[in-house]
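Let me begin by handing over the structure; questions about it come next.
As written, the chain order gives the labels A, B, C, D and E, with residue 1 at the start of each chain.
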Amino acid sequence: MKRIPALAALACLALTAACGSSGGSGSGDPDPNAVLRYTTSAGATSFDPHKTVAASDFIVLNLVYDRLVHQDAQGQPVPGLAESWEFSDDFKTLTFHLREGLSFEDGTPFDAEAAKANLDRAREPDSISASLLSAVDSVDVVDPATVKLNLNSPGVHLVLTLSDLAGMMVSPKAFATPDAAKALATDSDGIGRFTLAEADPGSHYVFEAVKDYWDKDALKLGGLEFSVATDPQTNLNAVSSDQADCALVSPAMIAPAEQIPGATTRARTVLTQTVLYFNQTKSEFDDPLVRRAINLAIDRDAILEGAQEGKGEASQGLFPSDYFVSNDPVADLVTYNQDEARDLLKQAGLEKGFSFTAVTLTIPQFVTTAEIIKAQLAEIGIDMEIKALPPADMGVNFLKGTGDAVITAWTGRPDPSMLFSAYFDEAAPQNVSHVEPEGFDEALAAANAIEETAARGDALAAVQKVVLEAGAVVPVTFNQVGTVCNDRVTGYEPTVVGISEFRGVGMTD
Amino acid sequence: MSGPLLQVRDLHVSHRIGRRSLPAVRGMDLDVAPGEVVALVGESGSGKSSAVRGITQLIRPERGSVLLDGTDLVGLRGKALRRARRDIQMVFQDPYSSLDPSMSVAELIGEPLIVHTAQGRAERRRTAVEMLEMVGLRAEHADRYPHEFSGGQRQRIAIARALVLRPKLVVADEAVSALDVSSQNQVLALLQELIAELGVACLFITHDLAVVRQIADRVAVMYLGTLVEQGPADVLFDAPQHPYTRALLSAAPVADPVVQRSRQRVRLTGELPDPMNPPTGCVFSSRCPDAIARCHEEAPADRRPRPDSSVACHLVEADPALQPSLP
Amino acid sequence: MSVLPTTRTVVESPRRRFVRRFTGPWANRFALLVLLVWLVAAVAAPWLAPYDPLVQDIDARRLAPLSDGHLLGTDALGRDTLSRLLYGARVAGLAAITSVGVGLLGGLVPALLAGLLRGWWDAVFSRIADALLSFPPLLLALAIVGVMGPNLTNAMLAIGVVFVPRFYRVVRAATLAVREETFIEASRSIGTPTAWILRRHVLPNVLSPLAVQISLAFGFAILAESSLSFLGLGVQPPDPSWGSMLSEGRAAWFYTPWPVIVPTVTVVLTVLACNVVGDGLSDSVGREKGRA
Amino acid sequence: MTTPLLSVRDLTVEFAVRGSWQPVVTDVSFDVMPGQVVALVGESGSGKSVSCFALLRLHGDSGRTSRGEVLFDGRDLLSLSEREMADVRGNEISMIFQEPMTSLNPAFTVGSQIAEVVRRHRGASRAEARKRAIEVLDLVGIPRAASRIGDYPHQFSGGMRQRVMIAMALATDPRMLIADEPTTALDVTIQAQILDLVKDLARDFGMGVLLVTHDLGVVADACDEVVVMYAGQVVERAECFDIFARPRHPYTAGLMRSLPRVDGMGEIEIIPGTPPMPDQFPEHCRFAARCPHAVAACEAGPVALEPRVNGGAVRCVRTLELDLRRTPEGSLA
Amino acid sequence: MSAGVVGRRTLSMLGRRLVALVPLLGIVTLATFSLIFLIPGDPAHRIAGEGATAEQVAAVRSDLGLDQPLHQQFLTFLGNLLQGDLGTSYTFRTPVWDMISARMPITISLTVVAMVFALLIGIPAGVLAARRAGKWQDRVVTVGSTLGLATPNFVLGLLLTLVIGIKFQWLPATGYVEMAEGFWPWLSHLLLPGFALGVIAAAEIARQLRASLADVLRQDYVRTAVAKGMLPGTVVWKHGLKNALMPVITVVGIQTGYLLGGTAVVETIFGIQGLGDFAVRAVLAGDLPAIQGMVVFAVIITVTASLVVDLTYGYLNPRGESQ
């Protein structure tokens, strides 16, 4: 039995400057009753962590649902609702020791039964996490404070997987009713730092801090107000004119955000990546040659410059360059080589080109990215039509079959295997074409049986090679993401995963 | 001459106001002989303009007949009505709105020719210029537009337009009342001269008794939709029979202080009754200074004090020889 | 009869009077010039534009005007602002023409019928027009675009639907007013057939108020197109429209204001020109007020 | 004789026509005595309405009085301040207009429109003003005045509205009434009623009345003095009976003879041509171009308004040579 | 007496107007219902998504009642509407009515503030221009209003946020707070967006008022008022304005619709989560029930506005109903 060394060190590699920066610049002690006003560009599509279709809902949901495992800013697993956990030697059993004396918002006590019910629900076929948890065979209640996961293959990745939507705990009472999915879509019933006090879906959410929350360090606010304005500029304006304390900043907004007096911008390159992802059942995308051609037709530096003001990094693979998973094996797959792209198209019998529709978000950065990609693809004869949809339902529409490809951001996942499982596993709901690259399962299983970081990195690099050789996705750029907060906000630290959990964030008067 | 040119019998004209029907003319008999000038006189609201529109079929009469040269205009439609209109032309009161501002004078005068003749463009223009000169304007005016002319000049254009087809009857609806004294005179004289020269009959509608006296051969006086008196102009002016005619005549001031201030006046009180609920009996009974009980109960029939005149009043002695014998 | 003295006014046809009155004020001349410039731009954009409006040059991003062969500078992707502006004029012009066309198609004929025939026609058409009028204009356009999908054609169609009841009202009112004119009655009294009256007397007199409405509608169409494109509901990227240029430029107006200023000035100026022309028309086509 | 209530001296009014000031009315002079009805007669464009508007300075921005004085009770109205002038209007001098249909404000009840002027000039309370409104409506012969003060103008007929206008004009007991074509828009029977009312008021209250009209019948009926205007000038001014019997100016004579008479007396004669427009006013006699008696002397230069035989004044160089009386046969002597 | 007469007439007019509303609302409802047929292709297919299986499409079809005869569908739609059921948003899975009612106070506040701006600017400007017709004041108002009409409200909105909201920090540049949190906080958040939204209406009101007041000031009854010795202020503000306001009221009615439409743009810029913002999101997402709900709601507002306008007519114009 050993505890898996989480990705601590690795994650910090990506951070460089940010790791060294102090938390907040605010002075004095945080006011426990302060309400932090945050504005961002997307709300939650649903408050049902298991049945939602948007992975990005995590950003809102983590406030009201604690997970078994939490992450720190560097992406390391830290105890959440589970005080500790351990693997069996063959990594085929994972046991969680639950925190005791906690209860859900509706008063239902949190115990092993509740945890099992949630884990089972998260593995139901229509759950967004089902494929991420495909290694789990069954869940056993050992005692009221202990659950045991029986795995069918080594499950090293599961710890961090359970720090995401998959590990969120909903009151079993709430999902026992027949129309649970409907009720949970608009209201939460969980166990976490906050409760949802008010929600105008898609636009405004008010969260109230839970009294006597078990982790005093994590909760220094009296409440949190979430406002959604699709337009990034509007979000910045809100901080500039003190209508919000913090706002999400995307790469194009970092420079303007830094100009706001009395506010500090903290951003770093994160795992969140802009990608072009195919619906392989549509257009000409059933042909891997075509998909690989597109990978070669794109000048990522130009996109980084044009759409992100140079903030972030041009993708060389599915991970940032200094991540523990190396991009070297895919260096010639993810590069800019139009001649070869044309060549591949010729091989596919498409030298005259073809046309397809890409859906994207109405957020300027993505529209611009799409415009640049369109111009670049035009050079090899491919005509891409752009269709921009609002964040709240772009994903839904794409999954329903709107568009032939999507240009979007994949939110950072705590564990690389999650990325693979979520988008390339045949069964994954996010895998719109339900096609799996050949040899994918085997490669991933092998990686999940290795605990040592460097070796696991190599194994994951092999998975990456499988995925990109199949041309299953076009990595485009990594984003710098962060938050601009006024100087009353303390303790804010951008996380490597790229999601602001507001853990430990407080406000001074 | 044989028989009247225009023979109006029992004419009823109503206006529709929303869902209600407002009777404007109720039973009018009127004759116009060829070449004759008949004046239809009445105050505003008397129904004289409605009568004109009923006669010219601009409003379809509710009842009655309008025989023009033996053809009943009532009931004519489409082409037949259009053809009949060739013989009955109009001059309207307001010389500013009765001429389409977007047409030149030659086009305006030529419009009836397009409708009723096969004349070509050049010929039409020639005819129009001829007409222009006939009404005292000049050939070079042909290409100008109505707004460039004074009211009197416009009314000359309207007269030219009405006469270009040489109709048998011209209906002039308050044709000079919008004009100044001096141009009113000029236009009136022109009209008189032209109808005499062309042998056209004229139905002249006005509220101005002085003008009537100058131009009319015969006069018909209207009150609240009915003719109360008609007869030769001299007779009617010198010996008015109906109290309303008397009142009307005495109210019109004479431009001579000596005469005016020594005139006996018939003073009318009150105003025109609501045409929707006219008084019972004689229509004039509510304002008549001479009214007797009978006037309020029974509508008077036309009486004929002379062979060429008729009066609708209980107080008028009819010449028994002229009274239609009752069965 | 005596001959009248010559009239005092100079000989002038209504058309010439209109031209004189319309081109009198400098504002009208200026507005006409602006519209003319945009008309030429819209028609001749492919020949006039110095660059392909879609071609990007990441190395020449956000150039200030007059630099490096770009008269009005470049946008965030290094596309030539002038070229995009010229092509944007096409979009604006097309949007205006299509939407006004739709409005006329739906509004003009029913209005003439309703105004002339009255009765049943009038009742039915007017009810429908009232109903259409009770939809807030931009929201109606939004709804149509939302249902049919965001693209320029749908946006133009939507704006056109907005115009239908407005044109209808103006034409119907004008037809009713003309109907009451004595010259119509005068023409009828001559025996003129209805079709001739309609063509020769009604239509010319209805056209002038309609012309005023049309030029104002052009302004509104351009405004609405740019608003819809600003919201991402009109022209889809990367095609240039003045509204989308503004919305794209906006994200970075911190770096350089030019990509925002140029389309803004263009939209304001063009809409201004349309409105000024509309006002000028309504001042100029009116009948001679003073009686001669 | 008493002193004139209103004395107009050399009144000259100009209007802005295409950027320059055109005299529309030149050197108009006349007097109005208390209790006297003076007629200002002329065709449209003769300047009669402009003159009477100028008396109360009602001619907006496009017109100006460039010369002359308007002495009311010895005070020159043209030298008063705007505020002082407003105190005179509707108070000491009231005015009624040609179009009773449009001269009353359609948005207010007739009662409030009358009461308003009483409160403005008399400082009366609401109740007093209302009482006065009923009183004057009653005076001008509006039946059931007390119940009608709450009615709006559109609920009255044309004749009744003109009565309301007169009532409004009388509400402050003015010493002078200016009536601009008060009967032109009315039917003859109503016209007679209104004229009688004006005459009665002048007589009963000693009010001076300036009656502007184009209708010589109205003049003959109601007036004591007549001022004839042509092309912006006074051409003749005289006592009523005298001017009708012996006109001294060819225009006056022509005007009288061009008028058809309801009594059928006299032959109609026509003045040929049309009056000149202000920008065509000649230096010499303005009527010369249309005058049947014009000679070379008429076009020699400006003609002055000279004293007239039998009183009054006339502007004609040949006035003493001509006998313009109508002979019993109706032709010129 | 007069008050009673006006009151009774107003009431009967209101009654007649309400009756006339029935066919109007009928047409509007039908039009709104018909929006579904504007969806290109099969609506069920579109709603289910392009990749949906035949069964999924069939399920959607029966779910939405699209398999029923048309009149039945319409009756269902109408029935639901009358019960205040506008359907459930596809995107937010929330009853549309709930979303609209939550956002309604925000947008109504914004529209009212915009209209107050429009009146406060438009009426004095229009009166000034009419009184000084042809003078420099008139020209300034004319130029200003022409410019105001031509400036898209998003341009103005951007400018205001940047200059007043951010550069000078005089007023909040974004967001909205409820009146419950205090009048000034509420108002201060609405001043900039309200101004940006209201300027076009202000310009339109100023123009209309200038035209109608200039016209009214030439009327005989105004001359009568002057001849009565009324002071210039009374003449303009009492005799002139009451008559000149009729066309202005019409403009106010029409502008209510334009303002409502304008909130779509203005709310987006100012980060206000009202109905305009909701409409834009619904439209971008092709969320049919939300769009339909939006349309129905907007129509109710404009119809109410036009009713108010008609009632005002009754007061301003004792002669008769509308126009």
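Just so it is clear, a residue touches a chain if its C-beta (ideal position, glycine included) is under 8 Å from a C-beta of that chain, and two chains touch if they have at least 3 such contacts.
Just so we're clear, the structure is a prediction, and the values are computed from it rather than from any experiment.
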Each chain counted as touching chain B and chain E at once: C, D
Chain nearest the overall C-alpha centroid of the shown protein atoms: E
Far-end chain from chain B, centres as C-alpha averages: A
Interface with more contacting C-beta pairs, comparing B-D to D-E: B-D
Inter-centroid spacing, chain E versus chain A (mean Cα positions, whole Å): 41
Chain A-chain C separation of Cα centroids, rounded to whole Å: 48
CA centroid of chain C to CA centroid of chain D, Å: 51
Cα-centroid distance, chain C relative to chain E, in whole angstrom: 22
Touching two or more other chains - residues of chain D: 272, 274
Chain A, residues touching no fewer than two other chains: 362, 388
Two or more partner chains touched - positions in chain C: 2, 4, 150, 232, 250
Chain C contact footprint on chain A (complex, rising order): 232-233, 252-253, 255-256, 259, 302, 305-306, 309, 362, 364-365, 367-368, 370-372, 374-375, 378, 385-388
Residue ranges of chain E touching chain A (in the complex, touch as defined): 48-52, 89-94, 99, 102-103, 161, 165-166, 169, 171-175, 189, 268-271, 273, 277-278, 281, 284-287
Of chain B, residues touching chain D in the complex: 43-44, 150, 152, 180-183, 185-186, 188-189, 207, 209-211, 213-214, 234, 237-238, 247-249, 251-261, 265, 267-268, 271-272
Residue ranges of chain D touching chain E (in the complex, touch as defined): 56, 58, 61, 82-83, 86-91, 94-95, 97, 99, 102-109, 116-117, 120-121, 150-152, 154, 165, 168
Chain A to chain E touching residues, read off their complex: 39, 45-46, 182, 185-186, 200-204, 227-231, 234-235, 237-238, 240-244, 279, 281-282, 362, 388-390, 392-393, 396-397, 399-402, 432
